[in-house]
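Chain lettering (A, B, C and D) follows the sequence in which the chains are written, and residue indices restart at 1 in each chain.
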Amino acid sequence: MTAPLVRVEDLTVAFGAGNEPVVGGVSFEVAPGECFAIVGESGSGKSVTARTLLGLAGAGARVDATTLELHGKSVLGNRDRDWRQIRGREIGFVLQDALVSLDPLRTVGREIAETLRLHRYGSRSKRRERVLELLTSVGVPEPELRARQLPHELSGGQRQRALIASAIALDPPLLIADEPTTALDVTIQAQILDLLAAMKDRGSGLILISHDLSVVSRLADRVAVMRDGLLVEQGPVADVLTAPSHPYTRTLLDAIPAAHRKGTRLSATALPPTDPALIRPPSDDLLLEANNLVKRFRGPDGVERTAVADVSFSIGVGETLGIVGESGSGKTTTAQLALALLEPDEGTVQLGGTVWSEATEAARRPRRRQISVIYQDPLGSFDPRWTVRRIVEDAVPAELYPDGAARRQRAARLLVDVGLAEEHLDRRPLLLSGGQRQRVAIARALAPEPSLIVCDEPVSALDVTIQAQVLDLLADLQERLGLSYLFISHDLGVIHHVADRVLVMREGRVVETGTAAEIFGAPRDPYTRQLLASLPLAEPEPVSGGPA
Amino acid sequence: MTVNVAEGLVTRTALAAPKAKSGIAFRPAVWLSAVFLLLVVAWAVVPDAFTSESPFDTDVDAAIQAPSLQYWFGTDASGRDIYTRVVFGARSSLLIGVGATALALVAAILFGFAAGLGGRLTDGAVSRFLEVVLALPGLLLALIFIAMLGPGVATEILAVAIGSAAGYAWMVRGQVIAVRNSGYVHAATALGHTRSRIIVRHVFPNAMRPLVVLATMGVGQSIVWASSLSFLGLGVAPPAPEWGAMLDAGRDFVSTAWWLELFPGLAIVGCTLAVTVLGRHLQQRIEGRLA
Amino acid sequence: MLIDRPKDQQRMPASRKPLNRALLLPLVSAVALVLAGCGGGSNGTSASGAAGPPVSGGSIVYGADREPTCLDPHSLGDMPQTYIARQYLDSLVSERPDGTVVPWLADSWTTSPDGLTYTFKIKQGVRFHDGTPLDAAAVKANFDQMLDPATQSLTDTGYLRPYYESSRAYGASEATGENTGPSTFELKLKSPYSALLPVLSQAFFGIESPKAMARGLAVNCQSPVGTGPFVVKQWIHGQSIELDRNADYNSAPADAKHQGPAYLEHVSWKFLEDGSVRFGAVQGEGADIIFNPPPQQSAALKADPNLVLQEFTHTGLPNGIALNTTRFPFTDTTVRQAFIHGANAEASVKSAYLGVFNWEPGPLTSTTPFLDKDLRDFYGHDPEKANQLLDSAGWTQRDADGFRTKDGKQLAATFVYSSDPGDTPPADVTLYQDIQAAEKEIGFNVILKPIPQDQYYAAFTDKDSYDGLTGAYWNSPTPLVLTLLYSTDSMNLAPGNNMAWVSNPAIDAPLKQIAAASDVEQQKHLYDQVQQLVAQNAYHLGLYPQTTRLVSKKHLQDVWIEPSEGEPVLHDAWLAK
Amino acid sequence: MTARRVLARLAGVVGVLWGAATLTFIIEQLMPTDPAQTILGGAGSKPTPEQLAAVRVQYGFDQPVLLQYLRYLGGILRGDLGTSYIRKQPVAEIIGQQLGSTLTLTATALVGAWIIAVVVTLLTAHRSRALAALGSGLETLLAALPQYWLGIVLLVVFAFTLHWLPVVGDGGPEGLVLPALTLALPLAGFLGQVTRDEFSSAMEQPFAVSARARGMSDFGVRWRHALRHAVLPGLTLSGWALGSLFSTAVIVEAVFVRPGLGRVLVDAVTSQDMPVVVGVTLFVATIYVVANLLVNLAFGRIDPRLRSAAH
């Protein structure tokens, strides 16, 4: 059997003197033509492990291992000059987002040619030829034009392909891809995964770093799960994803929303009993109605673009309407129109049966209590100078709690309701974790006791286990308080888990609408079908309960 | 989407043990600057505590003495003790530095907020006006005011303030617009808060934050500006002990009595340096804590 | 940086010699000795002769301290103007250090017995730089322009206006083709003016080409045309005036070191206002000769073997402070006397000017004839006497700052000085602050007020604009300048000269008699009497004499200073290799 | 950049210049002294009332202000900036005469400042803590130096004592070294700080990791990638830098006794020679505004962040 591409035994990496190693004793091998995936949440050490193979673990990293071999040759003692021979020629490295991983100030062609120039590949004209050849091989149309352009002038997908081209310029036997598709929309994600799969079939080894199990399940042959610097489990994809031996892997799998219908619990968290005063009897009259909404924007270059074109929908009490679509599909603008933070050019919005978008801001202000909002980046929505306690207190309406002490007491109660401990209350949000911050945002949203909460990508910035906890919290609150949600996400799995009815949007238009079962079970519109196809849901049968 | 890996990293570190950011390593430079500034402020407030002599006492027989135990910084052409004059000079230099910056900041806030919060029309008008004032060289405006109102401390403060106000106003406008479009202002609007409440509770305090750093650095630049005007003979008239005027008086002794030029120069550079170092340090602390 | 006085035009003309010079000719030996002093102790020209015969060629940089406002000396008439005008203008006659006058553009001249008519024979074959020939008509055109109020030449009209009757030009003139006898210029006076010839020797009275003058004042200011050894090539404002050699120069004065064109090919007359930069230039390669080295460099100057210093001390009233007798507090003579005794002038001058100048109390400079030398104790530093005088004058109380008060009014006086460093060099500002501090000792509040240059000149003629006037001096070779400084007629007829606004019959009488007195002994007695009165009445506190100082590199030979206005002469200068 | 946006920018430039002209005209009207007096030789001379009246008519001071303003604007459009009250020379000619030395001084200083800033950044940015502290300390010091004091110190050290450079430049290059350095160092301090911060962040960017992953040496990453990013913010400030350089050039021209627009301006203001003041001001404002426009247009295309920042 030929020597493995990579052999790593008992690799440890530590930063700075004395503190915990980031990677504590990892061993694995990668054979040519094989895709070895390393999965784990942020901070698990997966990225550092892969980068050690390139000698790029990071400034001040102390790396040691019993064996660290590329093609049977040890790289432990490598000095910078030795590493420079390996990088680009032996190993290609693809990062997450080509917009910042390609130098924005240099043309795409020059970036790709750089690898060739560094390793003295032929003459200038030969290099230009090779660049065009590479761009075609990764599927970029009109290579001559694209090579002369700057990265920001290409589309997301084309940029990522160009980035891959720059990594495989010298046909390195091993390619390391660190979150190669995380920055892309679902449909383009699938194309890139196919491109990587094709390279694997051509015989080059591939190390895939990802936090997204669905991406891993499509591409990897063998997978390793890392947690806090330790490799907890390793083995063929089929076994690990269907019959995980380590409990942590199981929690990871359970936390994937895509695999579980609405109503199933994603995390083991339980919610403390809710304040009885909040519970509201369910009723089936309509809460929010939007008819034929149109919104146009004038871009910086003076060209007018239509962000939302003829969108209509309605949300009943206690119901969750999911809006799914890729970036630029107009879902956020729709949310802004629902919140009446933007005036529609055409069409109207009614809240609780009465005029909402046409009302004057002064008339709307007292009724704003009925509708709250949660953002994707909670930190940005808090005043940096305020503590958690003050943020929520500020949201408790004076009409409901005229007395200051009652307001303070109410805010504290709300923060406990969303699962935050006493010690967090007097701290600034900057020092809290992503999940904790989202809980504060939810508490603030609950403060005015709204009947509808608009959630704009509330969980897409969170790790999957934390995402699971937040989604469960939202589900519990809906059930107890009879809240309605307008839930916006690009992540089909999340929408599938939370939504009663779904709106699929593309470039400002509604391509399809229907109940979750209809959309996910029998999608009519080709675009919806294409979105669903890229969802790995259909692949290996998840453990607990198949699709509805 | 690009955020989540970075976000993840932050959550991991925060999750581990969320504690206040470790104190910025207290570099010696910051200590030195703080001590020096305190000294200068003390000079300005209680000069008599630092020297028994008066800045106006001349001693014709002791003219142009080199620095010695008796005269730490030596004596000037009229035999006056330069150390005493530097001490007494602190007051007028600081007065002009702080006065001019304060005046410039007030103007900056007025114009900045008017442009930032006003409608498109007011913003357009104020911005164009600021662009025009910025196009005129700062020193020119100062010179014109001095020609109009005659030299003196009050004119110098006004002249220096005018020179820097437009720049500050431009920054304030940018900051106000950034805060107005921030997430927390949108959230507050969604909560149904009135516009005035949002301005008072969110826009004003957050727009003011970088001004603190601007102000500290501004004092340094104003002191340099004021002394330049005195150097051109347009500032405070002798025998008043003002650092710029002392440098102007010492110009002819530059190759024979170096101490005449050295010590007032060091005082100015010291002040400007100290203020800039503290300014940048403040910036890091504020940026670090409230990023 | 000691800068010579600018803008003399406010100074009234001063005759160069005792009045009826002609009558005294037989006694010339005694007078000459006395007068030798006048015209300044110019201690010899730059080292000459030592380095062999003069060599033609090369160009030099002259570091001037101030830029003139106009190059035509007939207009305005400030000191920087006369220094450079000498290089491109010739005058009718040239004056020697001993006061005698020799031919220049005028070959010869005769004076009528009554001293009212002067007839000059103009040198033939001399051409202006623009080619027009020099003749009597051209000279007359110059006199007409000098006396024309439009040219605003206060100095020239000041010198001539009281005496000028009329002038006529006749005889040969290339311009008109006439050739009956030599070209003659005849000048008629209203009353005898023995100082006329020395007055005409100044560059202020240089002869310019009529064609050039016709171009109008503005253009003539930029590029005047004369007959002098150099030609004005270009005036780059704020930077320099470029002068080229006049190759066919043939009208050098009789007392020049050589006849014919100048040796130097080009002179770059640069403006280097900053004293240390100017001195650094002559030390390094920036300049070959500079005007007025700053006093701070006197040690370095003595130590540098490569540099040669020439000094010329003006005669007349020393630079000092005039006390305005018409305004509080200087209406009271005792207060003036107390001020003078409290000023500590001698020590202050020595310290501020680092010993370069010694103290000259006045009323006349040390080099002026008929100076009464034993009046120094009227000006000496005597704080006890000053305090006594002020107590006796009723200034007994003191206010919080220690200044004397009487019936609630503080004893204070405002002294104005020009804020332009050219007018008031830093050393002067230091000197005034030293005096201010000394006066504080005796409870006298001296307020120093810098004012812009044009307001400073306006102050001379406005008696309500100052209590004390700094920079009060008067360059004039004759002690008779006292008439202009202290006589009532001068105050009324030509305001701006009697800076103390004195109207004292006891002084007017002897001054009138001097004008008529012929006997030297009698003149001496009358001058002593006037100086006694001036000293007693404490009208003026003298500080230091006006001096022209030139520093040149050793290899620049034969530069000399002419005695009429202390103008540097570069015609004879040459560069030894 | 679409043609429409360029046109809009040009209109903006004209607008600012018109604003500057109006502002200086208003200032001119506010000046306390009477221009006729200045024309007739300032406070010193005693012109007769008739002379004053004659001058007022000749220069049109007696006409209503609005008319004067329109005539003034007309003059500017025709490039006629009027004649100096004191020198009786056309202002345009005065500026022309003095323009050369000031432009060479400020241009050399700007280039010098950039060279120093880039060298210091390349050598010290993003390296060991000590080196980085040294570099940023040096920059903070340079930015704090008052120009005139620095000028005098350089003059004493290099001209008076070491005699390496002439005390007074005769127009030749050596005469330019010290004044340009005096202007360049403080500006280099400021540009250095801006470049340093951007350089460090550029070195942390993913594209730097990609470059290293291709086998590029550390210096290669600095030189080919980080430096270009680091220089960008500084360059966008070059319009402002030119304007500030002119103000400080006035002081340097005084210290080094160099002719130039700066000195002309100071003399003009002190002697209230308003046409010169207005002429020089407008001239400098034009350079500042045009420089800014060119910089924005040049960088609009390259860096998208700048396009948004440029607004």
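Before moving on, here are some points about what is shown:
In this section, a residue touches a chain if its C-beta (ideal position, glycine included) is under 8 Å from a C-beta of that chain, and two chains touch if they have at least 3 such contacts.
Everything numeric in this text was worked out from a predicted model, so none of it was measured.
Taking the mean of each chain's C-alpha atoms, the chain closest to the overall C-alpha centroid is D. For the pairs A-D and A-B, the count of C-beta pairs in contact is higher at A-B. Distance between chain centres (mean CA atoms), chain A to chain D: 49 Å. Centre-to-centre separation of chain A and chain B, using mean CA positions: 45 Å. Put simply, the C-alpha centre of chain B and that of chain D have 21 angstrom between them.
Per-chain Cα centroids separate chain A from chain C by 90 Å. Residue positions of chain B with contacts to 2 or more other chains are 251, 254-255.
For chain D, the set of residues touching two or more other chains reads 155, 160, 270. Counting partner chains per residue, chain A has residues 96-97, 100 touching two or more of them. According to the touch criterion at the top of this document, the contacting chain pairs are A-B, A-D, B-C, B-D, C-D. In the complex of the two chains, the chain D residues touching chain C come out as 41-46, 86-89, 94, 97-98, 155, 159-160, 163, 166-168, 170, 255-257, 259-260, 263-264, 267, 270-271. Chain C meets chain B in the complex at residues 1, 274-276, 280, 294, 296-297, 299-300, 344, 347-348, 350-352, 354, 419, 421, 426-427, 429-430, 433-434, 436-438, 440, 448-450. Taken in their complex, chain D has these residues touching chain B: 12, 15-17, 19-20, 23-24, 27, 30-32, 133, 137, 140-141, 143-149, 152-153, 155-156, 160-161, 240, 243-244, 246-248, 250-251, 254, 265-266, 269-270, 272, 277, 280-281, 284-285, 288-289. Here chain A touches chain B in the complex through residues 41-43, 96-97, 99-100, 179, 182-184, 211, 327, 339, 341, 364-369, 371-373, 375-377, 380-385, 394-395, 397, 427-428, 430-436, 444, 448, 460-463, 466, 490, going by the rule given at the top. By the touch rule above, chain A contacts chain D in their complex via residues 54, 56, 80, 84-89, 91-93, 95-97, 100-106, 111, 114-115, 118-119, 150, 152, 163, 166-167, 169, 300-302.
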